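Chain lettering (A, B, C and D) follows the sequence in which the chains are written, and residue indices restart at 1 in each chain.
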Amino acid sequence: MTTLISGQAVARALSRVSQALIEQKETLTSLDQAMGDGDMGITLTKIGNALLPYCADTAPDDLGKFLIGAGMTANRAGPSTMGTLLATALMRAGKVIKGKSELTPQDLADMFAAVDTGIQERGKAKPGDKTIVDAVHPANEAFAQAIAAGVTLAEAGAKALQAAKNGLDNVTPLRSKMGRASWVGERTKGKVDPGCAAFVVMLSAIIEPPSASYSQTI
Amino acid sequence: MTTLISGQAVARALSRVSQALIEQKETLTSLDQAMGDGDMGITLTKIGNALLPYCADTAPDDLGKFLIGAGMTANRAGPSTMGTLLATALMRAGKVIKGKSELTPQDLADMFAAVDTGIQERGKAKPGDKTIVDAVHPANEAFAQAIAAGVTLAEAGAKALQAAKNGLDNVTPLRSKMGRASWVGERTKGKVDPGCAAFVVMLSAIIEPPSASYSQTI
Amino acid sequence: MKKILNNPENFVTEMLDGLLKAHPDQLTYTEDIHCIVRTDSPIEGKVALATGGGSGHLPVFLGYVGKGMLDGCAVGDVFASPGAEQMLWVTQRIHGGAGVVYIYGNYGGDVMNFDMATEMAEFEDIEVRTVLVKDDVASAPPEEAERRRGVVGMVFAFKIAGAKADRGGSLDEVVAVTEKALANIRTMGVALSPCTVPMAGKPTFSIGEDEMEIGMGIHGEPGMKREKLQSADEISERMTTAILDDLQPQEGDRLAVMVNGLGATPPEELYIIYRKVHELLAKRGLSVYRAYVGEYATSMEMAGASLTFFRLDDEMIELLDYPARTPFFTQI
Amino acid sequence: MKKILNNPENFVTEMLDGLLKAHPDQLTYTEDIHCIVRTDSPIEGKVALATGGGSGHLPVFLGYVGKGMLDGCAVGDVFASPGAEQMLWVTQRIHGGAGVVYIYGNYGGDVMNFDMATEMAEFEDIEVRTVLVKDDVASAPPEEAERRRGVVGMVFAFKIAGAKADRGGSLDEVVAVTEKALANIRTMGVALSPCTVPMAGKPTFSIGEDEMEIGMGIHGEPGMKREKLQSADEISERMTTAILDDLQPQEGDRLAVMVNGLGATPPEELYIIYRKVHELLAKRGLSVYRAYVGEYATSMEMAGASLTFFRLDDEMIELLDYPARTPFFTQI
């Protein structure tokens, strides 16, 4: 039997992401101050604060529309680099599930792939440039592989999160090549990319409580 | 026999005053920062630095001209309130001894009186306003009395200095009523007036080495 | 606060050298680089206007030398009066035969030196008149208004006097209109941080992270009171009330309003202040004819702001609107 | 650094409210207060110019909206890009039928959002062209010039584009002349102290009492290098050399020079820098056609300065001299 993820579960996941971004404000701000302009925690908190009421007030009937609307809300609330990429991710994820009211694990994998592609198209960063792409891209690949291998959603989520964390660690020693951090040059070496960190925060929030329990609550 | 003060002694006294102002820069600056704009040490150092070469290069033949020239030099170098009053004092003192090349104790008393009047005319402060007048005026009166009583120059100088110090102490508890300090209002109570302090510095430098030895060196 | 300096002793001279190199079409000097005059001075038949004061307040003082405003300025060292001789040089150079008006702030050193300069100029048959600026309501109560210091309100005085002189006003007329303007100008300010005189090398006063000075002086001298730092709206209301209580305008009066930054306070914060001031004035039935928001008189890198109201009538409006062009102030 | 604030969340909205109240004759907004446009927009038949970017840089960005410069500006939060929707609103309102040019700094968030806005505007048959400002030589070596960020040099781009558009230039012509201007504009800066984003409440970076950041960003992001604080002459020489090495002017070339204060650095210090720069240029046989010394793009209360050179030819001179009037920039 295929696990099915309800619209409510998606809305709850987005609320958890919002909550997590708000909670991690200080950490993300500090990371962005070290090699950027220090606004990331602020921007993402604004987005979190805009998405929470959005999730509460919007019926997740058509999950495509729901996520595209969430993307537009995010762009209005916090159009910084990270905010715009998050908005793009939500809109791209929404596009691939247009009209659906519940999702299969394969839908999740398609959405993840669309997010990966969307972020790379909008931002034009490549893997190794030390951006959010270095967490998103390996996580997407790990997730796709796990789903293809037929493991549980909980396991697939855990694999994706591990891949994201590894991706973050892999690029920490490197020099940032995109965005504001690229101007800081050599001094970014050894520092955690704030975008990668933000993605780990968001992905952790999605799969927490562990996705195994998803099927129970739907 | 009447003690006579040579032109050289006057020039040396003015050099000592200059030197003392330079040495007391920090103290005077701190006092002026507490209830003014903190420039007094700087201004008086500039004047000191201008008067030292003036004293070295100018023959004190006509002591009137010598002191008027010193006043103009002082005004050019540091035209703040204190600098302008010092310049006025030098010019007024010069006026009363025009043409003289050596001075009697009575000349000194006349000069002191001219300085007192000049400062009050230029600045329009009255005794009790908590300005330099509160050190100058009692010092002038004490000096005049002492000279009239026929004591030695050393004693007269010491009396004047004591009167200046008492004057300073007497106005310390009061509120400043003139100049920048007047705007600081109540907060000036209990603080030493920088102008009084500067006058004590200058007067100490004039009578140091004690004026008794003047007659030996002339 | 860190500064971009060479030898602090040369601070003013180097600043003036840079300024003359940057604005050679507008400014030059006479006798000494510390005596700045318009390149086209003297202007025959025009009443000439001079000011003077310590450095460290740009655009005050010399920044307002130019067409439609001042003719010359004697420049002192940082926060120190210029000397009487400098003032005389400026006076001689700008005098166009119609007399000279000195317009400057009520500070002891400046008054004494301008008085000495006046005596010297009159000796040379140059008619000199003085208008003292005493706009700071925080520096003394109304009954001692004569004792008040002059702060940024002087910029309005320069503007009005400059327009009147440029339009051919006589010496008496220029003096009268400037005095009338000043009778209708009041300022009040707060400081959040001190400033550093380059040669002193340390701040003029120290102040806690949550404190502010009420009614600071533009030389970094402490104000009348130290208080807990308030919100922008509270500060705005406080300054507005203090000025209105003193100026006592009538409902329907038109004002020019100036929100002035002391140096380190960003324009964004000045507009946040202006917003509240505008609102409070509207509530009292007072309208803003013109708003000036920016840095018009600074104290180097001091953080803080001041507020100035100038009550206008038709004559003042005509002169305020008159065009002007100086290195720091252009109005068309 | 202490700030005059109400609730930091309302910083930008209150600032804009104050600004609109202070300049009602010049500025208004469309749809949302964060979308500032000229009161007289759209101007039929004129190429419209828009910019956008984060707040905290006044006069950049919106301070250059006005006659002879820009038509509109999308205003972001402090140091944050505005959103694509805002840009679209500005675009719709200012479009006078002759196309719209976006001129803004090369920052990721802004580029992504302006790109999204372009897609939306083209959907509505508004022709949009983009000119990215990348003038900061410190942000990438010459071979990676495409990666450079845009700083205060954009003010010259606004001036040139604005003059060309006001004189009836076509969309192609305005884009071409702006790109030509930018090919001749370079900036380099140093920061001495950080700034505080109101909502963050603490400084962006910390820096020792005797240190400076070389090539800081205007958002308070750290620069390429941290070094011992140098003298004004050394800093001036350093910036001059870095720009000239990159711009490679010929002897006899005419330049416009801008010495820009980042916020807390007093004008006096900027003129001390200008003095040395002028001297160094003269030594190389380069002349200064026009000097701009003041605050043209700030980072709130950051201390520091930047230097911009703009190599001129007759066409550029004509456009640079063209009059302009905005709330922060008046040239006659």
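Structure notes:
To be clear about the criterion, a contact is a pair of C-beta atoms (placed from the backbone, for glycine too) under 8 Å apart; a residue touches a chain by one contact, two chains touch by 3 or more.
Fair warning: this is a prediction, and the values are worked out from it, not measured in the lab.
Relative to chain A, the most remote chain by averaged C-alpha coordinates is B. Between chain A and chain C, the centres computed from C-alpha atoms are 55 Å apart. The centroid of the Cα atoms in chain B and the matching centroid in chain C are 33 Å apart. Remark: chain A and chain B have CA centroids separated by 77 Å (rounded to whole angstrom).
Annotation for chain B: no residues touch 2 or more other chains. Multi-chain contact residues, meaning those touching two or more other chains, do not occur anywhere in chain C. The touch graph of the protein chains shown is a line.
Contact between chains, per the stated criterion, is found for A-D, B-C, C-D. Here chain D touches chain C in the complex through residues 1-6, 11-12, 14-19, 21-23, 55-56, 58-59, 63, 192-193, 209, 212, 229, 231-233, 235, 263-276, 278, 288, 291, 293-295, 298, 300-301, 303-305, 323, 325, 328, 330-332, going by the rule given at the top.
Those residues of chain C whose C-beta lies close enough to touch chain B in the complex are 76-85, 107-109, 112-113, 115-116, 136, 138-140, 147, 149, 197, 199-200, 204-205, 215, 217, 219-224. Contacts from chain A toward chain D in the complex involve residues 29, 33-39, 41-43, 46, 72, 75-76, 78-85, 88, 122-123, 178-187.
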